[in-house]
Each structure stands twice: as C-alpha cells, then as structure tokens.
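Look at the two complexes coming up: subunit A is in both, with subunit B in one and subunit C in the other.
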Partner chain A sequence: MRINRSPIRFIRIASLFLSLSTAAMLLQGCWDRVEINDLAIILATGIDVTDKQRVHISVQIFIPRQSGSSSSGSNGGSAGSPSSVTMVQTADGDNIAEAMNRLQRKLSRHVFWGHCEAIVIGKDAASSGIRQYLDFLLRFPQIREHAYVYVSEQHAVETIALLPPLERSSAEVLREMGNMKLGTKVTVLNLAESIDGLSKSAVLSRLKIIPSAFGQSKYATMPYVRGLALFKNDRYIKSIAEPNSIGMLIMLNQLENIVFTVKPEGEKTFIAIQPSNITTDLTPKVVNGKWAMDINVRMRGQVILNSTNLSLLDSKNLKNIEAAWTELIKGMVEPVLHLAQQELKTDFFGYALTFRRYQAKEWAKNKENWEKIYPNVYSNLSIQTRIFGTGKSNDPQGIPGQADKRNK
Partner chain B sequence: MVVYTNLEMSGVDVMIEHGKISAAQLSIIMVPTVLATSILSVPSITMTYAGQDMWLSPIWASILGLMSMWVAFGLSKLYPKSTLIESSVLILGKWGGKLFGLLYLLFLPHITGVIIRQYGEFIVRSALPQTPLFAIVVSMVLVCAINVRSGIEVVGRTAQIFVAIFILFAAFLFVLLIRDLHPEQILPIGEAGLLPSLRGSVAPGAWFTEYILLAFLLPYVHDRHKALHKSLLSILAVTLSMVITNFVCLFLMGDLTDSFQYPVMIAARYISIADFMQHLEAIVIAIWIAGIFVKISIFIYVFTLSTAEWLELKAYRSLVLPLSFVCVIFTYWVATSQTDIVKLYGTSANVYTIVLLLVMPSLLLLTGAIKNKWFKRRSA
Partner chain C sequence: MNKYTLGKKKSLSSRSKEQNDKLSTPLSSDLSTNEQMLKAEFHNNADVTFHPFQINHQTDALLVYLSTLCDTEQLDHLVLAPLLNRYPDNLPVHVSRLRNVIPLSKTQDILSLHQAVTAINIGLPLLLIDGSDTAVSYGLQKYEQRSIEEPSAESTVRGPRDGFTESISVNISLIRKRLKNHKLKLLNMEIGTVTKTNIGLVYLDGIMDPAILEEAKRRLASIETDSILESSYVEEWISDEPLSPFPQLLSTERPDVVCANLLEGRFAVIVDGTPFVLIAPINLFSMLQSPEDYYQHIWMSTFVRWLRYVFFLLSLLLPSFYIAITTYHQEMIPTVLLLSIAKAREEIPFPALVEALIMEIAFEALREAGIRLPKQVGAAVSIVGALIIGQAATSAGIVSAPMVIVVATTGIASFMIPRYSAGIASRLLRFPIMLLAGVLGLIGLMLGMIVLVIHLCALRSFGIPYLSPLSPSSSKLLTDVLSRAPAWKTNRNKVGSTRRR
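After this line comes the complex of A and B, so read on.
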C-alpha cells in the first residue's frame, strides 16, 4: 500500500480520528451509564399472593460466573454445577410495584428486567385477578412485552426456584417451551389483547414440576407444561387436562407436538398417528336470527405405529382408520365446546371477534346481547382427517410368520 | 408568467441563502420532517378515533398535505424568488406583511419547541431515564444548529444520507415483525362508516400541513420544473409510510394500540427472531434520531431564515445559535410533562397547526391571486 505523505491528508485523518475518539468518550450513555457488573439481570419472575392477599414476587437472577477468567476456561460439563448459575430472591408488598421496590432494596445491584423472558403466575394469585399485574407489566418500561406468561399449579416461587439439569436456568426452560408451543404460546401482549378484547378471556399453559430423580436435590428438576389454565375476565377459573386441553388447543388452532392413538372399528389394538398439519377455521353464520359457527378442523398426519394387523396399503383400511381418527377428535372437541359455551359461558375461542369481523352487520345490531347469544350459538363441528404417510413401512411389522404369507 | 418587478423590488431583492438544493433533496427533506414525530404518536391517536380503520386515516390526511403543497406552489408561482415571509410583504404591503410574518416568527419557535420537547421526552422515556432533559435537548439542538449554520446545501445532504438509513432500517424492522402480524385484525372495515377514520385523520392531517415548509424552501431549488413532481412523490412516500406503520401496529396489537404511548416502540421491542434478534429498540431509537435530526434542523433553518428575512438582514448565520437557544427555551415553555405533550397532540395542537400552516397561507395566496388579477386588469 502506498503511504500518502501529504501533510493535509495526514491532518485530515488525524482530526477525523481525534473527533471519532472524542465522540466515543461522549457516547457512554450520559447519566444513565450503568456498568454491567452493577446489574442484577432478572431471567424470570414469579407472582404469588400470600395469605393476607399481599403480593409476593420471586425473581430468578442471573449470577455472572467468575470461572471464565480464573479457572483456565474449563467450565464445560462437570465443572459448573447448574446450581451456581441463578439465584432466587423474593419480596412482599401490598401491590406488585411495592414488592418490586422491596426486592430492589434487598439487592446490591440495580434490578434489570429487560431479559425477563418468562412470567409465572401462581394459581392463587391468578384466581384473585391479574389486572394489576398486567398493567404493571405493560407500563413498567424495562419489561418486555414478548415475555411468555404461565400459570403454575404450585406457588410460582417453586417453579422459579428450580435449577434444571438440562438448561442453564428454569427461565430458559420456560422460554424454550413457549417457543416449542407445547401449550398455548401467550406473551404479555397477547394476554392483554385477549383479556381486553371482546372475548374477555384467556387460555394460558399450566405448569407442573417433574418430580426430581431419586437421590437428587428436590430443586434439580424442570417445570413442564401440563394442561391449560382458563381465565374468565381477568380471573383464573378452571384448569383442564388432557383430553380436554387437546380439544381446547385444537379450537385455538395452537396444537402442535402431539400423537393421536386411534382404535379402528373392529380392532382390539391401536394405531398411532402423528399429525403434521392441524388447522381450525371458524366461519360465523347468522341465518334467520339463529347464530351458528361452522368449525372446520383439518388434520393431516402419518402413521408412526401400527399394532393392528391391518395393511396400510389398502385404501379401505385407511378410510376406516381415518373415520376412527375423526371420531377421536370429535370426542375431544365437543366436550370443550360444551364446557366453554354452556358451563363456563366464556368465549375462549374468540367467537365474538369472528362474528364482529365476518358478520359485521349482525354483530353491530346484537353486540349488546352477546352474553345471552353466546351460550346458544350453534357450533357446527366438521372434521376432516387424512393420512398421508405410513412411515417407513407399509405392512404391519413384527407379526410372527408374516413374511410367509406370500406362500399361502 | 408575469413578474411584477415593482412588487418584487419593494421586498428584499437579495437572497440571504446563496446555496441551492435540488428538487429531489427538497422532497427528501420533507419525508422525515413529517414522519419523524408523527410515526411515534399517529398510530395511537388514529386508533383512538378510527379503531381498526386507522390505516385509512393517513390517506384522508394526505389531502391536507396536498392542499398545503398546492398553496406553497401557488405562492411560489406568484413570487418565485420569495419565501412565505417575503411574499407576505409583497402581497399584504409593508405593515400587513410584517404582521403576518410576525405571526410565523412566534409560531415557528413554538412548534420547534414542541418537536424538540417530544424528542427529549421520548429519549428520556425509552432510553435514558436518568439523564436530564436539558442535556438531551441541548446536545441535539447544538448539532442541528451546526447543521443549519452550514447552509441549506448541507441540510439537504444530511437529509439525503439519513433518510436512506431511516427508510432502510424501518423497512427491515417491519419485515422482522411479519411473523407476529395478524392481518385479519383489519376486519371489519368501516364498522361505523367513514366518520371515525375521518376524525382520526385530523391529527395526521396536522402533520401533513407541515408541507407548507415548501413555501420557505422552494426559492432555493435549482431545478424548479421538477419540484412539483418530486413533492408529490414525497407526499406519496409519507402517506405510504404512515399507512404501513398503522398496519403494523394494528396487525400486531389490535385494539390495544391506543393504550400505548408509542406503539411503534412496543412493536420494535416485540421482535424476537431465532432467539438472538431481540432487544432491537436501541436500533429504532438510533434511526429515529437520524430522522428527528433532519426535522429539527429544517425547522430551525426555516425559523432562522424567516427571522433574517423579516428583519431584512443580509445574512442569517449569526442568528442560528441564539435562535436555537430560543427554541430550547420554548421546549420548556410548551409543556410541563409528557401527558401535556400527548394531550396537545391529541387535541388543540391540531387546529393550531392546521390554522397556521394551511389556513393562513391559503388566505395569503387568495389575497395574492386577487391582487395579481386586479393588477393585471389595470395594466391591460
């Protein structure tokens, strides 16, 4: 490279360099400069209520490890036990803001909420109403609207305190589970939308804790999604488990990661199908003042287990299996429809919104009476199932003497 | 075109600004001038009035922009070498014109103050809560003042560079959100007729009237014949950006949009792609600052130039710093808190800006046109 010795050029470059480095000195964030090692980074928050209806929050705080520099870089695998990555701190208050402030006073570092990816609400706290928490979560500037919200069967603090062997923290477990759509995938923003919206309800994933393995600490385990928690207005009213939760997820168009076990007619054993594509369409109709909702469920899947003697090459057999599959889904969805419309009288599936969108005129005329109309909306369920693959095999495997059938 | 030299001569015959910008630069300057502050507040305000028809409001609002533009071009056709301040003297005579100009000398620092205040409040709210407003405001105004002192050419160039970045990043952010958008939120269209969306268009309409700034800048465009075409494109770009912004907010937040102060900021914070494309709000703030920088610059520029013209000075440069300081003072005078600013944008500020940026110049144009006809008939 040719070096340009022209003095003017040199002065220009030097002054550019100087001005850039001066700028760098000024770009530290003014009065808001906070060193990273003055921060207590919160990964997950749990909300409970105490016996006296006080708010009890528990936070999972990331502990930055020292090992990076000191212990010659070998911190993989056995070196760091998971227990050293996070810690839990709790605080009480008359409301969540006060509890948060008390929490700050217990910590030597500035609480930072920007990385809080999961919010767990204890069942008790949820049943006394989550309005105040929602307002706080959407008002306090640092909290992310994308954080996933869960309801836990136990106190939220028990979930927050777990130190999972598989992931770095239980917050990470909850975040990944949200991404994998094991239950409903609901962020703070979604939750507010669905409670503020016409449906005035919400469906959240319900958390339980896997019992820890024999001989392990009781905290060395993970939370997992089991069933759903139903909210009417801003209150938790009921939780449902399989098969109702599956039916609910089908209606919400959120079902993924599932295997259906189907027993075809006239068979004693079963066939397992893994659906790859589940869609549910709602089409509202108002005919002669009668309100109806056409629910169209479509599923495509492939067989992953066949313990019957049925050959899957025979289209008659496939039809038979598909019919049984349809019946199974029907048996899952219908009770949920009944539960929502007649028992709980809560619009979990967004009927109101669908009517407003696609039957705008009727809706405008009748929206005042929606509470009365809703339980009587006729839900017309139609299900289409299709098997598009049979896995690696065609014929049933493992039947003694099967290979001999050609000689018969 | 007939030019009445006797009228032109009675005003200022020497241009204070010697620089020239191109028609393209002019139209580019106007994009952040309208968008920078409106992009923050407009989704929330239009949602309040228009509900899910909020995306229609900017389209109605753009009519006000076209009207302002038409007035600006009309005035510039009458007196191609004069800005609004100068042509008011030519049209209304010395006393009337000076009085008219004085109105703008009082209005411009006020609106500049509002703009700077909104910038400051936004930064305090979303990025630097501990930093005093004064530090944020003064550092920005200082940079803008330097920009303005360097003349219209530099302002035009910085606008060109920053607007490119502004548009590119904004588009990028919206693309990242696609996954979380629900287009069915648009339904039902026109649930309560057109009225809600028309009511929602008042606020963005007030922003669109800022196109009257063309009347201050047109004398410095060297390729005037392209100006009309480019300005129309500029209005189109602004309208489209507002519509897209409203769409993104609506599709993401639905009816919740109007419960947030800055819905676009919520949208940016919501981005979460592949576990690592997160926390992008800092990028939004950074590119937004580029936009607001152009906006504040152009308002300070117009204010300074107008003052110099009104006082019939030979140069405006020495006025830049003191007048910028005046704007900073106005920043503190216009409002006492964030809620004041929000209230201002939602209500009275709209009428105020529409009157001063559209109605008054229209009246001026009308008077000018009548006077022109009358002169023509007399000389015929």
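After this line comes the complex of A and C, so read on.
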C-alpha cells in the first residue's frame, strides 16, 4: 500500500513513450498504411482464356468519385452507362498470377481484392480446367474464399462489363443472385472442396445476359442465372437448362424460388404450386454386394393458382393434385439421375461422400472401384408431396356464376 | 499557481517556525500584557476589533474578534449585554462564573497565546478578563455560505435534490440526516499550515475495514502542505498512483452517494470550502455507475449500465478502431459500407490518422472553450463549433463525413460516463491509442489495450484492486456490475470482502 510518487519512474515511462511515438511518427514511410483513397477496390473478377491459351482477367473496379447528380458521370472506360460507378480493366498473362501483376501495372492505385464478391469464369476457360485459378484464389491472401463463382456462357469480361440499371454494379447483381439461391450457391471454398472431394465434380450456376432494353446502351443490362454448368474433375463438360437443371437442384438439395405447374389427372388446365420447403435426403445401402441409394424428396407447398374447376376443400382433389405433382417431380429427377450416372458418369450429388459416411466398411473395401460402381448404383427415388395451403381462397375464383351457386 | 504556492510556502513556514516559541507562551494574568501580545500578532489586520469594557465598573475586560467572521449582533446580545447588565454585583469576576451569566453552550477555555490566535482566526470572539490567565472563546462565528442547491454536475431525474455546499458542517449534517446512527464516525483534522483547512474523515464503524481506515488516516496525516483549497489537493496527496489517468477516489456533490458508499464500507473525506466530497476505496466500475441506477427500475438500470460499458469502450477506442480498419484492414468493412466510405473519403487530402487527430483536438478544444465561458457565450461556441466541424469542414472536403460521425459518436460516448473524472481517462488515452492504431493498425490498438489492462490490473485504490470485483473476481459482487442487483440482493459491505493484502 505504499504510495509510489517517484518522479523518476514517471519521467522514464513518459520519455520512453514519447521517444517511441515520435520515432514512429517520423518513420511514416515505413508504415504499412494504405488509405482508402489509394485503393482500387475490385468488386468482381472475370477469368477467360485467349485464343493463344493465355489467361485474360478482367476486373470490375469501383470508382469512388461522388456520382449521383451528374448525369454524364465519369468515364472510366464505361461511357454512356446509366450508373457509371464501376469501370473494367483487363490484363493478359501466361498464368493468372502474371495477369494479376500486369493488371496492377495498368492501375494508379493498389489493387485490392478483399471485396471481390463474385468470380465469373468464361465457358472457354472453364473447359480448359480451373485448377490453376482455384489454387490462386485460395492461396492469394486478399481474395475472399466466400466469393461466389459462376460460369458465363459468353466471355466473362462481357458479364463483368455490364452496368446494371437496378443495382450499383453487376458484382452486386451476382452477389444478390447468389444469396437468393437462384442457382447453386457455390463459393470459391465450396468449389474447391467439391472438386477436391470424393465426387470430383462441381455444379455451378450458368450466367447469361439479358438483352438490353430498346434504345439503351448494350451494357445497360444485367446478368442472370440460367441453367447450370456441370464440371467433371476440374473441367466444364456440359450445361443443362430447365427442366434438367431443376431436377439437378432438387438432387443437390438447393432448390428454392420455384413454382411448379401441375396438371391433375383428367383436367385440361393446371394448378400452380409454390413449394415452401424442399428437402432431399440420401440414404446409402449396400445389400448383398449391391449398392443402392434411397433418395427421399419431400416437398410442401401451397397453391397459388387454380385454373381448374376443382374445389381445394375436397381432400380427394388434393390427393389427386399431390399425385400429379409427385409425377412431375419424378419426371424431372429421373432424367438427371440417368444423365449423371449413365451418360456423364459423374457423381454430382455426393454419392461417394454419403457412402463413405454411412457405409464406411463397404466404402473402404471398394473405394478403388468407385468409378465402376457408381454408374450401377441403384437410385431408389421416392417422392412425398404435400399441399398445406390453398392460398387466400378455397374455391376456384372467377368462374362465371360461381357466387350464385354458392348462395343457394 | 504552483510557483506561487511554492514561494509562499517558504516564506510563511520560515516565519511560523521563528514565532512558534513565542506563540506557545501561556496567557498572562495581566490584561494589558495579553492585549499587547495579541495586538502584536494581529497588527495590520484592519478587521480585528479590540473592544475593552468594564464588568461591574471595576474589572477590566477585553473582547477580541474578527469583525468579518464573527456574528457581532449575537455577540452584543448574548455576551456583552449579560456582562454589563446582569453580572451579580456581590461576586468577584472570575472566568469560571461566566458560564452562569452568559447563555452560550459552545465555549472553550483558552490558555495559550497560540490557542487564542487560532480561535480568533477561525472567527471566534475571545473574552479576556483582567486578573485571569484563562480566556474564553464563544462559538459565534458566522461564515457567509450559500444555501443547499441541486448539484449541477450530477443531476438525476429521480433522486434527492440536495447537494453539498462549501461548508463542512452543513455537509456533515446532510450526511447525518440520512444515517441516523452513532456508528457514523467523524474524525476531524486540520491540514494546510497556512489555510488550516478543516477536513473530516467520515466512515461507518463496524462496516469499514479497519486496515483501510488506518491507511487512510496515515495518508491524511502525512500530507505536508501549506494549503488545501479544494478536495482535489487532498486527492493528489492520498491517491495510490496520482500519475494514473484513472482517478482512485470518487468525488461527488451528492450526500446520497456518500451515504450509499459509507454503507458499502467506504470512507469519505470532506474538505471545508468545497462541495466535492472524496470517496475511497473505489474500483473502475463505480466510476461507471450513477446514483440513479439504484433509484430507477432494475431492468432500466441494467440496460443503462451496459450502455455505459459499451460507450465507455467506444469513447476510448472508436476513433482508433476506425483509423485501424480504414487504413490497414479494409477487408473487414462490409463491402457496401466500404464503398460509401471510399466515396466520402475520395476528396480528403489527409490520411485518416491526421484527419482523426484534427477532429478530436478540435472537439476537445470546443468542449474546453464551452466549459470555461459564461453560459450565454457558451451557446455561441457550440453553434460555431457545430457549423465549423459538422458543416464547413465536410463540405469543404477537409474532413470526411464518416469521420465526423465517428468523432461525434465518441463525443457523445464520453458524455455518457457519469463521473467527470473518469471521463478524463478515456479522453486522454484516446490520443496515444489513436497514434498506435495509426502506426500499427489493429495490432497497435491491441498493444494499447494490453498496456491499459496491465495498468488497470496493477492499480489499487487504498489497497483494493481497481478491477475488482472482475479481477480478482467475486461472482457474488459481480452481479451488481453486470446488472443492477435488486435491492434485496444488494450486497453491502462489498469493499472489505474483496480486499487483498
């Protein structure tokens, strides 16, 4: 409890602090500081290959100048756009690291990858293998491993260069679309894991570009997800569109934001059902050396359109509709199973992983032969559908004379 | 001020040593000798009145008093009048008989010249009678004092409205009024060779840890100074670590706060001449608690406490954190926010560190200017400040809007600390941590925090760890830190139980 009032100690501490801080202040050149003003913030990256098999990267860079009121805006290589808050810069190289370095040489600011939220791989680049890109994306410290990865039908640079009228940038469009789960939601990390993994395959969303509105610049439009791109090993092999892509998403347990149009038996018109949850379970079985996979798809949904005359209050009618719905799903999933197992012989759905997890002994014995076993795994599909809601109305609406009949 | 007191101290103390022997001389039985001695002591004192008169037309008597500190009306009425009119003719005049004549209970026999001078100094009238070597002083001093008002620095919505005044006796009465118990002890002492300031050490016997009390007494007794003009003088003398920016004694203007702390086993030091009473031993968390916490609803108090903890950290760290992440760790900022900051910062000529320093220093300057100025002008200062800092600097592109938000939030955060003296720590420490964050980023911020935590862990207030009851932790007492414990769970006598050797 002694009172320490030694001035020497205080002076020593104070002078130590002062000298250290003055030294630090004077050595400003040694600071690692990078002001935001000196950053070229990259929002999206596109990867293409040129004709000579060189890597061509294109980046979308945020222009921090206050735009807004000025209609002409700034023209960083994106003149005549509705909201020119981004610009595109490209660079070539023998490999992606070299291309990145060349890109830095073309820019007056530090290239900053920390906010690159979308990576678009051109179809050509994807078909020649994405291993080197993946390695770079996962090794280079600045890049987020949670960036979404897409495959574009056109060259990636065309998607990157778009200046969507709705969002701030096409990068934001891609990020929001990833969050909305319009296709598969695959980040760099997921992609690497699924290619490295037992299945040696990946399914990415495929991007197309909406044609721009009449009279608008050809860049004033947005990319959108249309169909899926299938990868075997690290190479793009095929793209699929609806209805196969929907079947694929059901199998991947990633389907959301969908409306099924069901035609019940004996009816000429249709009923539209919006599912609220769709789950797919895989249960592997090995019986007497025969490998089988129980696929259990469960869907619950509510009717949002009823153009038939069926009353939805009648449970018999509902059963009928559910049966037709089940048939519809079956018709979507079965071709995809066939495509994956027999045609492409690629395990997109993670069969290998499920077998390893739940049939570990069998897997350990046979993992060398998996390539041969996979096409012959018996996929036992069972589908349960249930309508839990009929929307705001019960009876069919808009039938002439309906109200009159009801009043009797 | 310092220089001045130092100079004064030397001259006065040397003088007092020379005269010490002379002052300790006993009073003589001869009135004229006594009068001469007193006149010699009080020469050049215009307000010292010597009033000679005769009792029963035979015995000489002398009243000496300071006309500026003495209640002359009462003196005339209660002392002079009985002596002149009602003194029994047949009895010889003697000091011991005065008691039966003068209707005053607060009297004191004065035997030496020193006592006499002291009594006159504090405003007591002194009655000297010829033929007696004992004088009598009467408790008739009258100080000008302001009435009890609501404390301006610590206002509450709900709670008592009375605050301490500059008079120690009024202050003690305010405490006694609340703690009607003979266990409430008061030790009086006089500190300051020149000012002779009356200082009271108040504690609750039985609750107060005797070891802490002894230490407090020891420290108060060891003060060697010529003047105590405010309780902060005492605080500097008796703090464990006076150089620490964290105060180790709480100062308050509110008697209810003092009583609450006495009940928790702390002691209070009341200094005459200031409404600020010191309380010790305290910990960091008592700095972040307001008396009102105990007067309003439990949930509200708990919420406000957490709000204070969060904003205390914000007031300390927010500018540093902003500097660190915008200049070193841009990937930590959410993308959309980064783009907004990038837009706002595009035109700014300074690095973020310089920008923050400019704004923080400007804010501190404005705050200081606002406090020292008269109230009417203070408003003008805040308008100019708001216009300059908030409006002109941003629109001229010298300071970015996010930085203004950061500085404003920091300012509000620092106002949220209920104790002014605790706010000082966060205001001062903000700057070194900002420099560290500017030089080393988040690592610098972390280093600053580590140094700060080491300091806080080492800090003691009268031997009680400053971070208790968090470290060393006591889960029982911690409930009143993490929440506001309800009245039936409030753990009194908390100081002693966390005490360490």
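The working rule: the second predicted complex is superposed on the first by the 357 of 408 C-alpha atoms of A that agree within 3 Å, B and C clash if a C-alpha of one lies under 4 Å from a C-alpha of the other, contacts with A are read in each partner's own complex, and residues count from 1 in each chain.
Everything that follows uses one rule, which is that a residue touches a chain if its C-beta (ideal position, glycine included) is under 8 Å from a C-beta of that chain, and two chains touch if they have at least 3 such contacts.
Because the structure is predicted, anything quoted here is derived from the model rather than measured.
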item: Contacts of A:E35 with subunit B and subunit C, given as first, second, both or neither; value: second
item: First (subunit B), second (subunit C), both or neither touched by A:K185; value: neither
item: Per-residue contact with subunit A, leading partner among subunit C and subunit B; value: C
item: Touching partner for A:F10 - first (subunit B), second (subunit C), both, neither; value: second
item: Which superposed partner A:R356 touches (first subunit B, second subunit C, both, neither); value: first
item: Which of subunit B and subunit C A:R168 touches, first, second, both or neither; value: second
item: First, second, both or neither for A:S21, with subunit B first and subunit C second; value: second
item: Contacts of A:R144 with subunit B and subunit C, given as first, second, both or neither; value: both
item: Which of subunit B and subunit C A:A364 touches, first, second, both or neither; value: first
item: Which of subunit B and subunit C A:R65 touches, first, second, both or neither; value: second
item: Those residues of subunit A which subunit B touches in one complex and subunit C touches in the other; value: 31-32, 114, 144
item: Complex contact set, residues of subunit C against subunit A; value: 215, 219, 238-243, 326-328, 330-331, 335, 338-339, 341-343, 345-348, 351-353, 432, 435, 438-439, 441, 460, 462-463
item: Residue ranges of subunit B touching subunit A (in the complex, touch as defined); value: 125-132, 135-136, 184, 187-188, 191, 252-256, 259-260, 266, 269-272, 275, 278-279
item: Subunit A residues touching subunit C - in the complex, by the definition given at the top; value: 1, 3-5, 10, 17, 21, 24-25, 31-37, 39, 41, 43, 62, 64-66, 112, 114-115, 117, 142, 144, 168
item: Complex interface listing, subunit A residues touching subunit B; value: 29-32, 114, 138, 141, 144-146, 179, 187, 189, 192-193, 196-197, 356-358, 360, 363-364
